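Listed next: structures, encoded as structure tokens.
What follows is a pair of complexes built around chain A, which joins chain B in one and chain C in the other.
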Partner chain A sequence: MPPSASIPLFVLLGALGLLAASGVASAWIGRWSERGSVWLGVSGSAGACLAGLGAALAALAFRAEGTLSFPWSLPYGAFSVGIDPLSAFFLIPTFLLSGLAAAYAVGYFRPWNGRNPGRFWLFYNALVASMALVALARNGVLFLVAWEAMSLVSFFLVVHDDAGAGVREAGWIYLVATHIGTAFLLALFILLGRAGGSQDFAAYAVPAGSAGGLFALALVGFGTKAGLVPFHVWLPEAHPAAPSPVSAVMSGVMIKTGIYGIVRTLVLLGAVPGWCAWLMLGMGAVSGVFGVLFALAQRDLKRLLAYSSIENVGLVAMGIGLGMLGVHHGLPAVAALGFAGGLLHVLNHAVFKGLLFLGAGSVAHATGTRNVERMGGLLRRMPWTGAAFVAGSVAICGLPPFNGFTGEFLIYVGSFKMLLGAGSAALGGLLALVALALIGGLAAACFTRAFGIAFLGEPRSSAAEQVHEAPLSMRGPMLVLAALCLAIGLGAGGVVRLMEPAVAMLVGSAAVDAGRNSAPWLFPIACGAVMLLLLALIGSLALLRRRLLAGRSVRRAVTWDCGYAAPAASMQYTATGFAQPLTQAAAALLRPEIESRPPEGIFPAAASFHAETPDAARERLFDPLFRGAAKWLGRLRWLQQGRVHWYILYLVVVLAVLLAWALRS
Partner chain B sequence: MLHPVLAVLVAPLLPGVINRTKAYFAGRQGPPLLQAYCDLAKLFRKGATYSRTTTWIFRAGPIVNFACLLAALAVLPLGRVAAPLPFAGDWILLAYLLGLGRFCTVIAALDTGSSFEGMGASREVQFAAFAEPALLVGLAALARRAQELSLTPMYAGLSGAEWAQAMPMLAMVATGFFVLYLAENCRIPVDDPNTHLELTMIHEAMVLDHGSVDFGFVQWGAALKLWVLGALLVGLFPSAPADRPLANLAVGLGWMLALAVATGVAESSMARIRLLRVPQLLVGAGVLCALGLLLGFR
Partner chain C sequence: MGNAIDILLVLLVLTDLVLLGSSRLRNAIRIVALQGLALGLLPLLAHGRGRLWPAILLGAGSAVLKGFVFPALLRRALRETRASREIEPFVGYIASLLLGVGALALSFGFGARLPLPWAAPSPWMVPAGLFSVWTGLFLIVARRKAITQVLGYVVMENGIFALGMVLVEAMPLLVELGVLLDIFVAVFVMGIIVFHINREFDHIDSDQLEALREGAP
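So, the complex of A and B:
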């Protein structure tokens, strides 16, 4: 292996070791010293993330490729880890957001009130390490071990506040969902390994004619983690239940391990049939529209963000689906644009969704509620958090000059380019185009609502009146992420150039060259110029406005409310009311449960309105399925006796059957 | 560079033309053609009153909206008059710059805490969610026809001969764009800029609290938006030969004024439709654009 690859790989392994060691040490010290525990946990986490980020960036920039293998006593297993541009690219958001969220967590959890902080830091650092190991693993068994570790430690983080029954239920749903997903992955890796004779990725072989089926297995298994509809049911439960720094990491990067799994499977499988590309594109479009519509109907700020994660994973999946369609139809420029847009959106979503979850955490921390109807007027009391949140909101709507625009731009151009071609592929371009435009408009509605109702206007409850700005340790990471939103937006050309080798792994370097020559593969310079022009215009208009108002009277008064003398906070538009025209239009999908007592009679007394929007897939697909399963499996209850000698008998019987089966051949 | 300067300076003329046309139909004399310029001059010299509820978001809204429309002129051609900074995919930036302007106008409205402005904001985002796909599908139809990814060559290829060849497709897209032009600029049949009842307004309801310099930018921005969306529509119509930029500019200006007259006629001869019907109208526009696109699939 060339030294250029072994250096970043050893640095990354060192970072994993530091994470594990600092987590364990933090839990151990935490029994005596709260400060020591927090300090150990956060410095280990931040230090490892900084080192890992540097190594990943260097590996991507210098196109380091190589594998290290250590013997391992597990059957079929080998501790073989490797780095290539794809792994390096996914490691960048992982370390970036995890490090910042760790710094945020210091202020978020204070005071600990006698609890052992090590309980959090042990699992948090283990989560970061296992996510990184998923991206580094080059052996099926090691990959599954890292995958399972990631699922388990994130379960413990979700149920961190285990006093609430809702939190425990959310954790349970998450645990079940993630293991169902893993079962499909187990099948995928066994089939790949059996054909290749070894569980090393390098040895994997695809049985003839089964690439499509294997891709479908990966789509279910990894799609469950990524949160693609209809496998998303755990996501809107688990993400709001977790503490906010954990929500940020789970939504920003952990669900992206699912995306990593899908693109890694594409690399392992080579060519897949055309229907896989259509499936991917279709699932992406459905996830995008479904996610944003449900986000629009939520009042819980973190649940809203969780649904918006489903939307954004849908956008990523659309980009990848477009890329696959481009590969299948021999359109290299479309393939390059689709994959590049999808991957860029992975990075972008990590930045702005991390920012928004941290912002939501600060707000929930300050007001004691996650219900936007009880917030309002927070921008004046929390100016920094509010400014960061508005930057994240503009970015997530895909609006220039922030980073959300750049990934969507590449996917748009890819779909347009496909639309210009002939035949059925053009319809794929049209599907992507319409879905993107629809998602864009609905996302703008969703986030003007989230920001406008929570941060603007007058406080809607006494809790919202008495809030204070978050401490520096919480503000700092948010402001860094907000600055990154703008920086990636303006410097998209450079970012795309940096991730070029990762895209080349998926489409071939010839396609990247073709894309570069024939299309705006590199983010067009003119587009960046117009965005800079926009910023310059905003700045100069602000100066002009100040000049014009200088020396004139500037007075303050109440909001004009049609001559009404006593405007009250409760007269403001509510979040439910703001979204009502759109949720009404989509009522067939959303099926809101409405309890209303309209005013009646000449002198109306009390009236009320309450709307709840439960998840459609959970209500109509999984709940009936699991109820049915519980009913049928309940008939096997008699097997569970609770007597140890019966269980020993079962073991003996199974062993005897296995022995007979083994001796048969 | 001539087109953006012309657009910024001439745009306030368009509301004047619309109002004069409406006055003619109503048998009134109507305000002077240059009334909008006088209004702007007056607004830019006034002192301001702000609601105590508002924050910097309220003050930034009109400026950002105006800046977005100015930046949009950098990629916007007028018929065969090329844009200053064309690039492949510039129509996406154009659509999203309009989106950013809308985003800022909406949150500025919510910043006041007024229920009227909340109502206007809610309606604005609802209609935008229906209008955006229609606009992009319409542009896709034009892109497919011209096999180009940038607005400037897309519109440069349209000539009289093109109309003879692809008449149904261009007519469908043009009709769709006209509906979008009326809807995005808050004209009848979607919104009534002259109504005095806040409950029924959309755009005017969102800017109820703005005054002085800020309202000047709002008004100028509204005029400029008439120009930007109008340019997407009138670019479809025949223009002068490609090698005569000044003649093209004059023809474009002529079409733009004719469009303003047509808007006045439409506003005079139609009633506002019910709010619940507006999404149907916008979806109809989207369907027309999609049909135009599908006609190109052969």
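So, the complex of A and C:
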């Protein structure tokens, strides 16, 4: 293995060790010293993330590839870890966001009131380590161990505030969903390993004609973690329940391990049949539209962000689906643009969704509620948080010059190329374009609403009046992320250049060249230049406005004044009211439960309106499914006698049958 | 040598049958202790070309644990809980014995067909070991008291011990030591739990634990 690969790999393993050691030490020290525990946890986490980020960047820049293998006494297992551009690319957002969220958590959890901070830091650092190990693993058993560890420790983080019954229920839903997903992955790895004779990734072989089925297994297993519709049900439950730094990491990076899994499976499988690409593209489009529509109907700020994560994972899936279609139909430029767009959006979404969840955490921390209907006017009281939130909102809507634009733009260009040059497969480009446009418009509406209702206007409750700005430890990470949103947007050409080797692993380097040549004004620095031009335009418009207003008197007035003599906060648009035209148009899908008492008569006295939008997949697919399963399995209750004797008898019978079966010949 | 092993194995089978038919707890504990002591000799006789010292260590350790420590623990539990000295079976003694004879026949059937990596020191070894495992499991399932269940575990481990002697060259003694340690911990813990169950519930009928199951009345 060349030193360009072995040095980053050892640094990464050292970072994993530091994470594990600092987490355990933090939990141990926390019994005596709160300050020591927090300090140990955050310094271990931040130090490991910094080292890991550096190693991952270096590995990607030098196109490092190599595998280290240590013997392991587990059957079929080997502690095989490796680095290649794909792993390095996914490690970058992992370490970046995790380190910043760790710094944020210091201020977020203060004061601890006598509780042991180690119970957070132990699991948090373990989560970061296991996510990194998922990206590094080169053995099926090691991968599954890391995957399970990631699921379990994130469960413990979700139920951190376990006093609330809602939090515990959300935790259970998450635990069940993630284990069902893992069951599919187990089948996938067993099938791949059986054909190859070993659980090492390098030895995996695909039985003839089964690539499509194996990809479907991966899509269900990894799609559950990624939050693709209809496997997303845990996401809008678990993300709001978790503490905000955890939601940021889970939404920004952890669900991307699902995307990593799908992409890694593509590398392992080689060629997949065409219907897989259509399935991926279709699921992406459905997830995107579904996610953003439900986000539009939420009043809980973090739940809204969780649905928006489903939307963004949908965008990533559409990019990957487009890339797969391009590969299948022999369109190298489309393939490169699709995969590059999808992967770039992974990085972008980690940055801006991390930022938005941290912002939502600051707001919830200050106001004591997550309900946007009880916020309002926060921008004047929390200017830094507000500015960071607006940067994240603009980025997530895919507006230049922020980073959200870049990934989506690559997917757009790829779709146009598909539409123009693909003959029979042009339909895929059309589907992607329609979905992208719809998602973009709805996302803009959704975040206008979220930002406008929460931060603009007048306070809607006394809690929103008495807020003050978040402490520096919380503001700092948000501002860094906001700056990154802008920086990645401006330097998109360089970022795409950096991630080219990762794309080349999926489509081959010739296709990457084709992609670069097909949009020459996109890949190089020109992209940043266009962005700078836009910034200059905005700046000169602002200057012009100042010039024009220079000689006039400017009067400040209450927002949403509307010319009333005595305006009140309740006259403002509510979040529900703002979204109503759109949610009503999509009522067939959303199925809101509305209780309304419209005003009656000439002098109406009392009127009320209440709308609730439960998750469609949960209401109509999973709830009936699980209820049915519970009913049928309830008939086996008689097996559960409650007597140890009976349980051991079952074991004896099974053992005897197995022995007889083994000796049957 | 072969003769001595055969005698020990016959002893194992006979003590198992006595256990199936025995109705007194104190008696049963004494028989299990005797079984443990006798099996302690087995590694010495069967170690074959393997090294002698580990075999002596294993045999002595096993004999001390099963012959003296376990019985002492169990007697103490019996004394402290002041349980009645009756075994209280779910399956009657005669029926137990008949089932035991059936299991013995099956064990011989299985033993003949079980593919072994190499020849056992004695043709009796696999059937006797299997039979002891079945007897142990049967005692766990078919007897009411927690103490008889502990006895069942020890008898089962005796069977595993005898089976392990067949593979003494393939299976390192370390594995056997591990099993022994497990059983030791199990007996130790169960001795304590039996005592505590008794103190909480005034009896040590493990079938009464069903009150703890999900959805119990």
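What we mean here is this: the second predicted complex is superposed on the first by the 634 of 665 C-alpha atoms of A that agree within 3 Å, B and C clash if a C-alpha of one lies under 4 Å from a C-alpha of the other, contacts with A are read in each partner's own complex, and residues count from 1 in each chain.
Just so it is clear, a contact is a pair of C-beta atoms (placed from the backbone, for glycine too) under 8 Å apart; a residue touches a chain by one contact, two chains touch by 3 or more.
Since the structure is predicted, the reported quantities are computational estimates derived from the model, not experimental observations.
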Who does A:Ala487 touch here: chain B (first), chain C (second), both, or neither? neither
Looking at A:Ala21, would you say it contacts chain B, chain C, both, or neither? Reply first, second, both or neither. neither
Report for A:Leu379: first if it touches chain B alone, second if chain C alone, otherwise both or neither. first
Per the contact definition in the header, classify A:Leu534: touching chain B only (first), chain C only (second), both, or neither. first
Once the structures are superposed on A, label A:His645 by its partner contacts, choosing first (chain B), second (chain C), both or neither. second
Would you check which partner chain A:Arg556 touches, where first means chain B only, second means chain C only, and both and neither mean what they say? first
In the overlay, answer first, second, both or neither for which of chain B and chain C A:Ala437 touches. first
With both complexes superposed on chain A, which partner does A:Gly457 reach: first (chain B), second (chain C), both or neither? first
Using the superposition described at the top, determine whether chain B or chain C touches more residues of chain A. B
Chain B and chain C contact sites that coincide on chain A, given as residue numbers: none
What part of chain A is in contact with chain B in the complex they form? 376-377, 379-380, 386, 390, 394, 397-400, 405, 408-409, 412-413, 416-417, 419-420, 426, 430, 433-434, 436-438, 440-442, 444-445, 447-449, 451-453, 456-458, 519-520, 524-527, 529-531, 533-534, 537-538, 541-542, 545, 548-549, 552-562, 567, 569, 571-573, 577-582, 585
For chain A, which residues are in contact with chain C within the complex? 637, 640-646, 648-649, 651-652, 659-660, 663
Name, in rising order, each residue of chain B that touches chain A in their complex. 44-55, 57, 59-60, 63-64, 66-68, 70-71, 74-75, 85-90, 92-93, 95-97, 99-100, 102-103, 106-107, 110-119, 121-123, 125-126, 128-133, 135-137, 140, 143-144, 147, 149, 198, 208-209, 212-214, 217, 279, 293, 297
Quick check: in the complex, which residue numbers of chain C touch chain A? 90, 110, 113-114, 134, 137-138, 140-142, 149, 206-207, 209-216
